[in-house]
Every structure is written in C-alpha cells, then in structure tokens.
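Shared between the two complexes below is chain A, which has chain B as its partner in the first and chain C in the second.
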Partner chain A sequence: MPIEVRNLTHTYMKGTTSEVTAISGIDFRVDDGEFIGLIGATGSGKSTLIQHLNGLLRPTAGNVIVDGVDIWSKGVSLKQIRRKIGLVFQYPEQQVFEETVYDDIAFGPRNLGFSQTETEERVKKACTLVGLDRDLLSRSPFELSGGQVRRVAIAGILAIQPKVLILDEPTAGLDPKGRAEILDNIKQLHESGMTVILVSHNMDDVARLCERVMVLDRGKLVADGPAREVFSQREFLESMKLKPPEVTVLMEKLRKRGWAVRNDVLTVEEAHAEIVKELRRKGVAGAV
Partner chain B sequence: MISGGILVGQYYPVRSFVHSLDPRAKILISIIFMAILFVGNNFYAFAVTGTFAVLAVTLSRIPWKVLIRGLRPIVFIMSFTILLHLFLTPGHAIFQIGPLKATLPGLIQGLFIALRLIILIIFTSLLTLTTSPIELTDGLEDILKPFSRIGVPAHEIAMMMTIALRFIPTLLEEADRIMKAQMARGADFESGNMFQRAKSLVPLLVPLFVSAFRRADELAMAMEARCYRGGEGRTRMRQLSLSAKDYYALGLTIVMSALVVYTRVRFGPVIPRGTV
Partner chain C sequence: MTAVEKARGLEAEGVVFRYEVDESDKVLALAGADLEISQGEFVVVLGPNGSGKSTLAKHFNALLLPDEGDVWVFGMNTKDPELTWEIRRSAGMVFQNPDNQLVATVVEEDVAFGPENLGVEPGDIRTLVAGALKSVGMEEFHRHSPHHLSGGQKQRVAIAGILAMKPKCIILDEPTAMLDPSGREEVMKTIKRLNEEMGITVIHITHFMDEALYADRVIVMDKGEIVMAGTPKEVFGQWKRVSQVGLEVPPVGQLSRRLWSSGVNIDPGILTVDELVDELCRLKSGI
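Coming up: the complex of A and B.
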C-alpha cells in the first residue's frame, strides 16, 4: 500500500496576520515494508508532515495519495485511511482516558465497529506486540509507569492493525531501558512486515534502525536517501542543526588522524569491526 | 484547527491614543459608560453615548471591520429581542401576522434596546481590544485594592485572571492535539445526534482535564520555587501611572455622563408613560 506525497504544502492560519507555512513543496513516496527515519530540527515541520499522511490535516496545496487514491477526493472515508495508516503522537500517554487499560486499547477497534470477540483478540495481540503484561489490562492506565502507559498508547494504535505505522518521537522522555524496549518492539513490528515511519531527534536510534532517512529543514525536504548516505554528510547535517550518529563522528575523527576506516558506519558493531580491521592492517600487536 | 480563528475581543496591537491610556482609567471609563448607557432612556441619550463611542473607536485606530465582526454572535439575540418587543408591546397595530400584532411602540422599543446592545458591545469590546491582558489584570488589581480591606483578594483575583488568560491558547492547542490523537484511533467528533456527540467528547475531555490539573500543579510548584507568596509587598515591573491624557479622557466621560442625565431629565423616556 504505497503512500505518495506530491507537492505538499501546509500553511497554518491562512489568511490571517499570523500565517505560517509549516511545510512546502514536499514530494516523496513510501513503499510497502520500508523503514523510514524522518529527522529535522525542532520546528522543521515533521509533525505537520506526518499528520497529512492519515488525513488529520488537510493540505493547503498538493496531494496525499494512498493506494493510488487521493485521500481528499470525494467519497474517500478518512476513517478507512486512518485504519490503514496508524499514527502514534508524541507523548501518546496523554491521550489515554478509559478506566481500564483494556478499554483504552479497545477504543480504536470499537470505533471501527469490530465485534466484542474480534476486539478482544486485537487487544491481546496488540499487547503481545508491545510486550505489555496481560495482568495490567484490568488496571487503570493512570496507575501505570511512564513507559508502561506509553506502551498502552502504542498498543491502542496497533489494535487498529494498520499497515503503516507512523511514530512521532516514541522514546521521548523515557528512561534508557524503556527506550530500548520500545525501539526493539518497533524493530520487530517492521520485521513482521509493517511499513514504519519513525520521527526522531535521536540520530543514533535512526541510524541503527532505519534503512532510509528523510531530512526536513524549515519545511522543505532537503535530503531523502539510504541512511548510510545521509548520515555520512556531517557538514550538511550540521548546517541543519542536526548531529550525525556518535559512531559516525568517531569514524570521521579517526579518519582525520589518518586511519583508513569507512565514514559511513551506522552502528557500534559496524564501527567495532572497522576499527579492528584497521588495527589488524596496521599490525598493532594484540589487536583482537 | 480549533485555535485557528481569532477570538472576539482579542487584543489588537496598534499604537493609538486609547491604547496608551492607563488601564485603570480605561476600566473606570468602561464601567461609567455601561452604567450611563442604562441611565439614558431616549434616543437623544444615544446621540451622546453613540458619539462618544464613535470618537473612542476613531481614536483607538481599530478598524470598524473588527468591531462589526464582534457583533456577529449577538445578531440572533438582537433580532429575537426586536421581534419580542415588536409583537408583545401593547399599542396601535401597524401590521398583523395571524394573532400577532406588531405595534409602533413595540418597534421603537425594540430598536431602542437593540441600539443599546450594539453600543454596549462595541464600547466594551474596545476595552479588551486596546488593552493587553497583562495591563488589564494589573489595572484590575489596582482598582480592587481598596476593597481588600473588606476581604476582597485583589491580587489573587488578578493573578488567577492572568494565569487563566495565559493558558487559553495552551489548552486550545492541547485540545486540538488530543482530538487528532483520538481521531487517529477512529474517534468521530463530527457526526451523530446530540447525545452521541456529547458522549464522543469524553475521550477529549478526560485527557484535557488530566493535563490541565497536572499543569496547574507544576505551575504552582514553579511559582513557589521562585518564592511567590501572594501579593503582599510585591512590586511590579511596570508601574502604572495616570497622566494628563487619562484625566482628559475621564473628564470627557464625566461631561458625557452629565449630558445623558440632562437628556433624561429634559426629554423623558422614549415611550412616554401612559401613552399606551
């Protein structure tokens, strides 16, 4: 189910003195099974952009085409679009409202009119996907820890069983353990065949997980390509007020010292392998 | 987006004579004006108050368009008032629709009330249009201060108003975000009958209240961390001071009031008592 974005522009408060163009002239295409990282400085328009993909915002100009159909053309049910494209907002725990965790996760399936048994099945499946203990289902979401509520909120979207999952800063404000767990869940979701778009400030996370990276700068899509390519351009990223992943920076520093290591490594493991290789080449005694 | 529209009576930042007046003077003038508007009981009084209002608007450099837009919400109540007066006032019939008899005194009375309402809305919205919320609460605090002797918590009232005003946009933004988050989960805020719609607001209101309380708690702590302990002995960054133009404006208001009182004594009510 490809999503195509053509010449997308959005202007807030159009026609007033406080008019702001958040994004302009954006073109891209998302194919099935991709894992895309969307990065950009604060205020670059990331949140505005993703809210167009499931029809929460109406473009000022341009089109969003899902499965070959413009979602704003007549007769298209936005509810159906939102069923296919799940969007997890930033700090999603702020949207929980039901008395029990079960009811909150079931909110989506119930809105879509699923039967009780189908809903229950979906809730349980969503719980498994995010690693949520089933004993928690009867508890109040307001009693849980931050990381747990966040998982409840993500499960609330997964219970809709979307084909595409968009997450806006899913790890913001979590402790390192919670963050690693959530990212692990997302990775597994992608491996099970879901298309994932991850909005993040954390370059290390994006580098480790995403195959393709899109960079937004002041409302324009300034880069879109394989993660390796995008992250090896340190100066370009820095001009966007972004920082390449730590390992990429390390590699570049080593290169400046004359080491013949690649500068497009993305994970600690890759960096490790590169360094060991280089040490061996240099014949450093005791190199592993 | 809920917060997309411009709120009626929202501060309109331009430089003008009215903008530069002391907020206390403006509040006082508004109160006097409102009272005197109800003292006036004939169209001569409106000539006086109307002229005063037009003068104030001209001096404020606020476009009439903005003020007229502020009248929109009261169009319904205004037409309703006119109709009620037109048909329910006894007197000589000018025309008849079924059992309903429209009378001339009714028409005059209806127009009279509508005109009063228009002048009232235009003039009072001028206060918030020309005074920033901060100035307004500062002024209000000063005006209420004498009453603190009889237990009116002047500073607290002003502080609550400031905080409430400060958080209106924040809460609107938050409501917008939560609404979208629930729509992403298939929530529907737009269709269904009244009962269904009211019920569909639960997923919006519960999180909104939760976050409002959390915010209130955090704000209270942040204020205490900065040693806030109420109004006693607290100084201000902006000191209010009355200048010559404030006295001119107040003087003019008093002259206007006197004229209205004169028209009341001299001409009497718009529909003389005992004529109907």
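Coming up: the complex of A and C.
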C-alpha cells in the first residue's frame, strides 16, 4: 500500500494575518515494508506532515495518494484510510481515558464495528505485539508505569491492524529501559512486514533502526536518502540544528586526524570494527 | 549562624516518603534516602521511572515533607513552616513542561513574577529581571511573548524566573525531556554556565545519559534509594550495575569499553568524543 505525497503544502489560518505555511512543496513516496526516520528541529513541520498521511489534515495544495487514489477525491472514505494508516501521537498516554486497559485498546476495533469476539482477538494480538502482559487488561491504565501506558496507547492503534504505522516521538520522556523496549517492539513490527515511519529527536535510535531518513527544515524536505548518506553530512545537519550520532562524529574526527576509517558509521559495533581494523593495519601493539 | 552552618548545602537524612494512593493504600517512594550536596556542586540524578528522583527533588524545595527523617536546605529544616518561603527562594525549581510554567504574556513580566511575589521594590525588580535574562542569554527577548519562543528558549526564561529571586540552588526536574537536541544543548550549557560562573548549586534530573557528563557528581536512584554515586566516569565505569538498574552507558562510553575489551590499550572509562579521539591518536602514533 504505497503512499505518495505530491507537492504538498499546508498553510495554517490561511487568509488571515496570522497565516503560517508549515510545510511546502513536499514530494516523496513510501513503499511497502519501508522503515523511515523523519527528523527535523522543533517547528520544522514534522507533525503537520504526518497528519496529512492519514487524512487528519487537508492539504492547502498538493496531493496525498494512498494505493493510487487521492485520499481527498470524491467518494474516498477517510475512515478506511485511517484503518490502514495508524498514527500514534506524541505523549499518547494523555489520550488514554477508559476505565480498563482492555477498553482502551478495544476502543478502535469497537468503533470500526467489529464483533465482541473479533475485538477480543484484536486486543490480545495487539498486546502480544507490544509485549504487554495480559494480566494488565483488567487494570486501570492510570495504575501503570510510563512505559506501560505508552504501550497501551500503541496497542490501541495496532488493534485497528493498520498496514502503515506512524509514530511521533514514541520514546519521549521514557527511561532508557522503557525506550529500549518500545523500540524493540517497533523493530519487530517492521520485521513482520509493517511499514513504519518514526518521527524522532533521538539520532542514535534513528541511525540504528531506520533504513531511510527524511530531513525537514523549515517546512521543506531537504534530504531523503539512506541513513548512512544522510548522517555522514555533519555540517549540513548542524546547519539545521541537528546532529549525527556521536559515533559518526567520532569517526569523522578520526578521519580529520589522518585515520583511514569510514565516515558513514552509524553504530557502536560498526565504529568498534573500523577502529580495530585500522589499528591492526598500522600494526599497533595490543590491537588484537 | 555559626561558621559550620554557613557552609551547609542540601542534606537529606534518612528520608522516608509514602504517596497515598487511597485511604488504605500507600506507595513507598523514598525508602530512607541519605544525600549531601555541597554548595556549588553540579549533581545529576539518574534512575528509572518511579525510582523516586522527583520525589527527592521536591523535598529539597519543601514541596514535599518527609514522613520520616529530615531535609536541610542551607541549614534550614524543611519541616519548619516559617522557613518554607525562604527555602523556596533559595532553592528554586524548574519543571518538564515549559508551557505550564510561563504565566505572563511578556517574557520580562514572567521573570518578574517571583520577585514581585517576594515584595521586592519595583526599581530593584527591573535590575533583577534584566540581570536574570542576561544570565540565560535571553535579554534580547525581554519584550517578546513567551508563546512564540522555542522550547529551549522557554526553559531558559523559566530558569531566569528562578534566578530573579537570587537563589543559591536550582533544581531541574527533567527540563530537557520535551526539547529537541539543540534545545537540550542550549539548556544544559546555560545551567553549566550558571554553576561555573555564579556558583549556583545545580540538581538536574534527567533520562538522557549524555547529560550526566555535565555533572561533578552523578547520583543513581532505584526503588526509592540512592544506589550509586560518583563522578560520571566512576558511575558509568560500573556498567553492569548501571544496566541492572535499567540505565545505559552513553554510546562513546560503550565504544571505549568494547575497544578496551578487544585489547586496545585505552582507558575503558572514556565517555566523550574528543577524549576518545585524542586517546586513539596517541595510541596510534605510539606516544
């Protein structure tokens, strides 16, 4: 179910004196099974952009085409679009409101008119996908830890069984363990075939997980390519108040001091391998 | 006040605190916390969600009072109701969400809110506000509306609001959680400067491990107790313990340790990019 975005522009409060163009002239295509990282400073238009992908915002100009059909053309059911493209907002636990975890996750499927049996199956499946203990289903969401509530909110979207999952800062405010667990769940969802778009300020996470990275700057899509290519352009990223992962910066600094190492390293493991290789090549004692 | 008392910083002595869930149910948030923070220290507090970090921080601002034990803020016991306002003035608090902390429609009015409440003379307020905004690098924005500032700028205004009350200590409870990387850096550099140049004691709570590198001392909390304390190198050097409590060593620290375990002759405790680059270059050139 590919998504195509053509010349997308969104202007808030158009025609008034407080008119603000949040995004403009954006073009890209998302294919099935991709894992995309969307990065950009606060106010660069990330949230505005993703809200167009499932029809929560209507373009001021341009098109959003899902499965070959413009979602704003006549006769298209936006409800159907939102079933296929799930969007998890920032701090989704603020939208958790039901009395039990079960009811909260079941909200989507019930709303779509699924039977009780079907709903129950979907809730259970969603719990498994996010690693949520089924014993928690009868509890109040307000008794759970921050990481658990975050997973309840994500499970609520997964219960709709979308083909594309868009997450806006899913790990914001979580401790390292909670963050690692959520990212692990997302990685597994992608491996099981889901298309994932991850909006994040955490460059280490994006570098480690995403194959493709899109960069927004003041409403424009200024880079779109493999994570390695995007993150190896430090000066370009810094001009947009972004930063490559620390290990990428480290390798670049080593290169400047004469090391023959790659500058497109993204993880601790890769950096380790490159440094050891170079030390061996130079015959430095101790580098086994 | 005796000479000994003058030097006292912030002290928690056997602090036990329970949150009331309902009449019959109480959750133990602090299980006998002991901590001494010297004047002028920069302390970063790490720990998983629910470990008691915020609860402890609120004790240093007399927002919470211990069920058992005592908390002393610059020699003042927080249990003495007559000292509450002086404690809050000398140890101000900044919270996670900047939008919930800024109340006025103009930046300088927001910063003036604290001293106005303390009954400071209008002329002096002007000087305090200007000085506070200058200290956080926001003087140009004094006539702006806080709502049009970036997250990092809003937090700096919130910090200025505390500074205008001439505190000895600033307690920051996850002030960077909602900011982008450049906003985080702005805030961290600002509080580091206040600590170094003005000698303000800093207690900074965070989930970002890299922010611990700004600290003189890192405190790790777990299940209502202080379980580790030391310089960033000392704490992250105990990487097994760090991961047991659900935290992680920053990426460069992980890399240094891995290189060291593969037999590369470097200090496994290195945590910053520049230090590791220097160490590796030294090794390669055989010095």
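Couple of notes before you dig in:
Everything below uses one rule, namely that the second predicted complex is superposed on the first by the 288 of 288 C-alpha atoms of A that agree within 3 Å, B and C clash if a C-alpha of one lies under 4 Å from a C-alpha of the other, contacts with A are read in each partner's own complex, and residues count from 1 in each chain.
We adopt the following convention: a residue touches a chain if its C-beta (ideal position, glycine included) is under 8 Å from a C-beta of that chain, and two chains touch if they have at least 3 such contacts.
Nothing here was measured: the structure is a model prediction, and the numbers come from that model.
With chain A as the common reference, chain B sits beside chain C without any clash.
Once the two complexes are laid over each other on the shared chain, residue contacts for A:Asp204 go to chain C alone; chain B is not touched. Applying the stated contact rule after C-alpha superposition, one finds that A:Phe107 touches chain B and leaves chain C untouched.
Measured by the number of chain A residues touched, the leading partner among chain B and chain C is C.
When the shared chain is aligned, chain C comes close enough to touch A:Leu250, but chain B does not. Of the two partner chains placed around the shared chain by superposition, neither chain B nor chain C is touched by A:Gly225. An angle of 70 degrees, to the nearest 10, separates chain B from chain C at the C-alpha centre of chain A in the overlay. Shortest separation of chain B and chain C in the overlay equals 5 Å (C-alpha atoms, whole Å). The intersection of chain A residues touching chain B with those touching chain C, taken from the two complexes, is empty.
Partner chain C is touched in their complex by these residues of chain A: 41-43, 145-147, 172-180, 201, 203-204, 241-243, 245-247, 249-250, 253-254, 257, 259, 268, 271-272, 275-276, 278-279, 282, 284-288. Residue ranges on chain B touching chain A, taken from their complex, read 1, 4, 6, 177-178, 180-188, 202-203, 206-207, 210-211.
Of all residues in chain C, those touching chain A in their complex are 47-50, 96, 150-151, 174, 177-183, 207, 209-210, 246-248, 250-252, 254-255, 258-259, 262-265, 273-274, 276-277, 280-281, 283-284, 286. Only residues 12-13, 16, 51, 54, 56, 79, 82-83, 86-89, 92, 94-97, 107-108, 111-112, 142, 156-157, 160 of chain A touch chain B when the two sit together in their complex.
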